[in-house]
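Each of the next two complexes has chain A plus one more chain, namely chain B in the first and chain C in the second.
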Partner chain A sequence: MSRRMRQRFEVLVVGGGPAGIAAAVRAAEAGRRVGIVDDNATLGGQIWRGESEAGSEASRWTERLRSSGASLLRGRIFYQPEPCVLLAEADDLVQELSYEKLILATGARERFLPFPGWTLPNVMGAGGLQAMVKCGLPMQGKRVVVAGTGPLLLAVAAYLSQHGAEIEMICEQASWTSLAWFSVALLAQPSKIFQGFQLKKELVGIKFSPNSWPVAASGRTTVESVTISRRGKLETIPCDYLACGFHLVPNIEVPVVLGCEIQDGCARVDDLQRTSVAEVFCAGEPTGIGGVELSLIEGEIAGLAAAGRIAEASSLFGKREKLRLFAKRLDRTFRLRSELTNLPQPETIVCRCEDVRYSHLRDHISWRAAKLQTRCGMGACQGRVCGPATQFLFKWNPDSVRPPIFPARIESLAGLTGDSKQELCETTGGR
Partner chain B sequence: MSSPLTVTVNGAPIVVPSGATVAVAMVIAGKACRVSVGGEPRGPLCGMGICFECRVAINGQPHRPGCQILCEQGMDVRTDE
Partner chain C sequence: MSHATYDVVVVGAGIVGAACADEFSRRGMRVAVVDCEMVGSGATATGMGHIVAMDDSNAQFALTRYSQQLWQTLRPELPEDVEYDQCGTIWVAADEEEMIEVLRKRDYYGQREVPTEVLDSRTLLRLEPNLRPGLAGGLLVMEDAVLYPPCAAHFLMERAQKRGATFHLGQPVADAGQGRVRMRDGSEISAGIIVNAAGAGAGHLTPGVEIKKRKGHLVITDRYAGFLRHQLVELGYLKSAHSISSDSVAFNVQPRRTGQILIGSSRQYGADHHEVDSGILARMLQRACEYLPGLAQMSAIRTWTGFRAATPDKLPFIGPWPVDKSLFLATGHEGLGITTSLATARILVDQITGTKPEIPIEPYLPSRVAKEHAHV
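And now, the complex of A and B:
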């Protein structure tokens, strides 16, 4: 049986990345009783994971958070049993967190696209492999192909190279034309948003190829080579790892479950980062992919607004506006080319949880129909991987999120009252 | 950095750097974390607790997300092989 713990906060922040940290800091410094909950072993989110270098932006914010008086909690939000209460699970502990104001800073994940061989071990996300290396995976002498799209590819390649990997190639699906345009945009607004583009020194000698994408990964038990389409020709590159991600997707499951209005795949917010649900704010990537600087500003605004410091919050609007313009350009630059919809072969697995193949999906008319008839999106990840993929491949709209928001242990659900327990049992079938 | 530690993966000892997650231990061990519904070996994909491809049994608790749990000395990690 899980232990249970109850805590009350004036402001509860979900997510311990830059947006969440900035929000918690601002609200706590304004004198509010603040809790910040994250499901990872260390704070900082994906971008700042494991960064502790003194004087870095990450460590400055983390230090400020530690001295702000905010309570740091570990746990994964999985359910809302009643208004203004969320349940978080960590190991054998279930925390019941109640709040007056809620700030959702749930971050983003990578978009994965299926191609033959993408389910082989050691084919990982670009950010995925970086996260593994940050958590101790040795890279010395390992041959890595980095592929997909987005500024993250360059940052990842530089990071892996610093840690001893041999980067065989960076394959970026975007064209030179759109990338050139992006560099111009960067010059117009010198910014640390995507440090990838300022990592030239680390990237010297690494082959960077636009108009390129992976078409197949091969190997017996793990990946041994990847075949890429490069300016219209196929080329096979031997490697130990393929780090492959197609930019980012906002994590909007919690906002969706709480009933927040969603627009173009992002939580809709007003000037003060308020969602359509009273007392619920949202900041950072779930409101639109924009990078660390925009996340920080949005977090600050949300934290100040939740603490009632409206004038201070408003003074940051101008800065946020500039960063948002930049984010829009980013979106355009790394838009996925339509050729990528041809990557899966009939036998290619699209839903990794349930091993649903492309040929079983392509004739369905919607996400819901496919789910009902093939179990696509019904496994442990609850469609977080195949949802965005099928959205791109088939233009489906993954619809409602059903509780629990993440798979939770039966013991965690056991203490719930009759109604909520019934709702969960109907939707999960346990685990 | 403190000294490396040892965990067991399906009974075999694996040495990992301190601070390593269970998912990292699995890749160092060269072991698949799980076998898919259709019988394929699978390893970590997202590295951030989203995809659940790295789920393993840890100290007898099934279905734990390996990429979100740090290795501890003597930890018993098992896959469903």
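And now, the complex of A and C:
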């Protein structure tokens, strides 16, 4: 039987990426009792996790968090049993976290689009592959094709190449014309918008091809080659890994379950990062995809606002505004082209959990109709992967979210857990 | 849409409306089906899909057993995705007192030619090794089955469509009766016969029809092939299911063909919202873990709620609505509408076409409540 632990915080932060860290730091430095909970063993989120280089922005923030007095908790929020209480599950522990103010900084995940062969081993999410390399997957001499869209591709390519991979090509679906603005803006931006672009030198010599996208991956047991459509022609490139990412999707499941108003797939927030639900704030990617810098500023504003430091929070509005404008243009630049809706073939699997193929889905009128008749999205991931894909392919509206927000043990939902004397289950701050 | 090109308009495309459309079209009648949502998306999408012969009353037994046999006849035609599986039910007896109920139940079923087998403690554990040791025994009812209701409704609807039935989906009906169905947008469909098969919404559509919503919670797990083989229901279920006033939970679990385990069940009156009630959920899962301790460590992937359409005497309304000659009811099936959908359609269409039904229909006639009202 798992143990159960109760803790109260004035400010509880969900998510330990840049936005969550900044929020926790600001609220704790303002003297609040703060808890920050993340489902990974180390904080840092998608981008900073595993980074330990002294003096880097990541380590500066994590150091600041350590000395701020905030409690670092490990666990995955899966349920709200009553107002102002969230349950988090970790290994053999269920934590009952109550709060006065809540800051949601749950980040984003990669969007996958189905094409023939996308379920082969070693076809991975670009961010996912990067994370595995951070955890020790050797890349020396491996041939990698990076494909999809968005600035993340460049960051990942640079990172993999630093770790010994041979990047065969970066395939970016956006056109030169839409990218033109982006390159100019990058040069003009003195600050770094995405960490990846600091690494421009690592990208020297790598073939970057706009107007191109993967149409099929093939191989016997794992991927051996990928066929791409490049400026209207098909080209096959042998590779050991295909790292794919079609931009990011905000993780709004927690805000949705709490009843926060959602607009265009993002949690709607006001100037102070407040959602439509009283005492619930949201910062970073769930309010819109905008990168590290915007996430940090939003996190700071949310942390200050939750701690009642309104004037200080307001002084950051200007900077946030500039970054938001940039984020909007990013969004336009990397909008998915309509040709990509033709990627799946009738036999292509769209829902991996339940093995539902494209041909079984295309005649349905809505997500819910398809789900009820085909089981699409009914598996363990509850449509986190196929939901955004079908939203793009068929213009279906996403599903309602039901508890548990993530799969959780029956005993955790049943309250069948023993009380524990142990104080904390801590995550490590940095590395 | 104002011309009477149809013989029948069915309001509601749940399993009951679908079964009616199928049966009317089989008898050569021209059918239109109207639903504000889509096929099989109401209670039909939320129920457990246990096809079960029940013996709360003789009338309930007659309808459930007749319908179960209709499902058995239909079985060869059911597509894969309906997941029809005659896994049988085991009524689990926790103690000797409940064993007495097992014997009573065996006699009742036996007299009515339903095959059963009494299980002693050891046989029970052999059939379901994951049950907690020390249970008294149980009754295996072999012909009970499970299916996946949304695809069953879809199958029935598609059959009706092939015979010429038409659907009008996504259209809320504002009122129905007097030979026509009027949509909220003002358009109308007329027909000599209107069937109210609107499930828990039937009372809104036909004022005077006494339907209460009875909320239920369900939880589905990840895949654990082989953990469970039969639908398991505690005999204490009878005690809790009968209490009209208070909220109740009971151990009621079902093996899905995917290897998942569907965990029920709860009953609540006066709860009108879809949200999961954490107190009820916890009680329901605790109960399930008492019987199947191994469940505790399993991963739950989704919980949801649904509404049963409950009548005052726990029997459905099947037949003419006394106040309006054109209007017929097919609703109020509480927790048994998946089971009884096929029989409901049969005896409704029998009544309308003047065919002799195979079971006595009086217990289900809506006039029984209208009569009660007349006495008051």
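Everything that follows uses one rule, which is that the second predicted complex is superposed on the first by the 410 of 431 C-alpha atoms of A that agree within 3 Å, B and C clash if a C-alpha of one lies under 4 Å from a C-alpha of the other, contacts with A are read in each partner's own complex, and residues count from 1 in each chain.
Heads up, the rule we're going with is that contacts are C-beta pairs under 8 Å (C-beta built on N, C-alpha and C of every residue); 3 or more make two chains touch, one makes a residue touch a chain.
Because the structure is predicted, anything quoted here is derived from the model rather than measured.
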Inset, instruction - Once the two structures are overlaid on chain A, check if chain B and chain C clash or fit side by side. - result: fit
Inset, instruction - Have a look at where A:407 lands relative to chain B and chain C in the superposition and call it first, second, both or neither. - result: both
Inset, instruction - Considering only touches as defined above, state whether A:129 meets chain B (first), chain C (second), both or neither. - result: first
Inset, instruction - Figure out whether A:40 sits in contact with chain B (first) or chain C (second), or with both, or with neither. - result: first
Inset, instruction - Once the structures are superposed on A, label A:380 by its partner contacts, choosing first (chain B), second (chain C), both or neither. - result: both
Inset, instruction - Applying the touch criterion given at the start, work out whether A:292 contacts chain B, chain C, both or neither, answering first, second, both or neither. - result: neither
Inset, instruction - Give one of first, second, both or neither to describe whether A:139 is in contact with chain B, with chain C, with both, or with none. - result: neither
Inset, instruction - Would you check which partner chain A:82 touches, where first means chain B only, second means chain C only, and both and neither mean what they say? - result: second
Inset, instruction - Please tell me which partner, chain B or chain C, touches more residues of chain A. - result: B
Legend entry - Partner chain(s) touched by A:365 [first = chain B, second = chain C, both, neither]: second
Inset, instruction - Pick one for A:109: touches chain B only (first), chain C only (second), both, or neither. - result: first
Inset, instruction - Return, as a multiple of 10 degrees, the angle whose vertex is the Cα centre of chain A and whose sides reach the Cα centres of chain B and chain C. - result: 80
Inset, instruction - Once the two structures sit on chain A together, report how near the CA atoms of chain B get to those of chain C, whole Å. - result: 8
Legend entry - chain C-contacting residues of chain A that also contact chain B: 379-380, 407
Inset, instruction - Provide the residue numbers of chain A that touch chain C in the complex, in ascending order. - result: 1, 79, 81-82, 365-366, 368-369, 372-375, 378-380, 382, 402-404, 407-411, 413-416
Legend entry - Contacting residues of chain B [partner chain A, same complex]: 16-21, 23-24, 27-28, 30, 32, 36-38, 40-53, 55, 63, 67-70
Inset, instruction - Spell out the part of chain C that touches chain A in their complex, as residue ranges. - result: 38-41, 45, 81, 150-151, 154, 219, 221-222, 258, 263, 276, 278, 281-282, 285-286, 288-289, 295-304
Legend entry - chain B-facing residues of chain A, complex: 39-41, 46, 50, 76, 109-110, 112, 119, 121-125, 127-132, 135-138, 221-222, 251, 349, 352-355, 379-381, 384-385, 407, 431
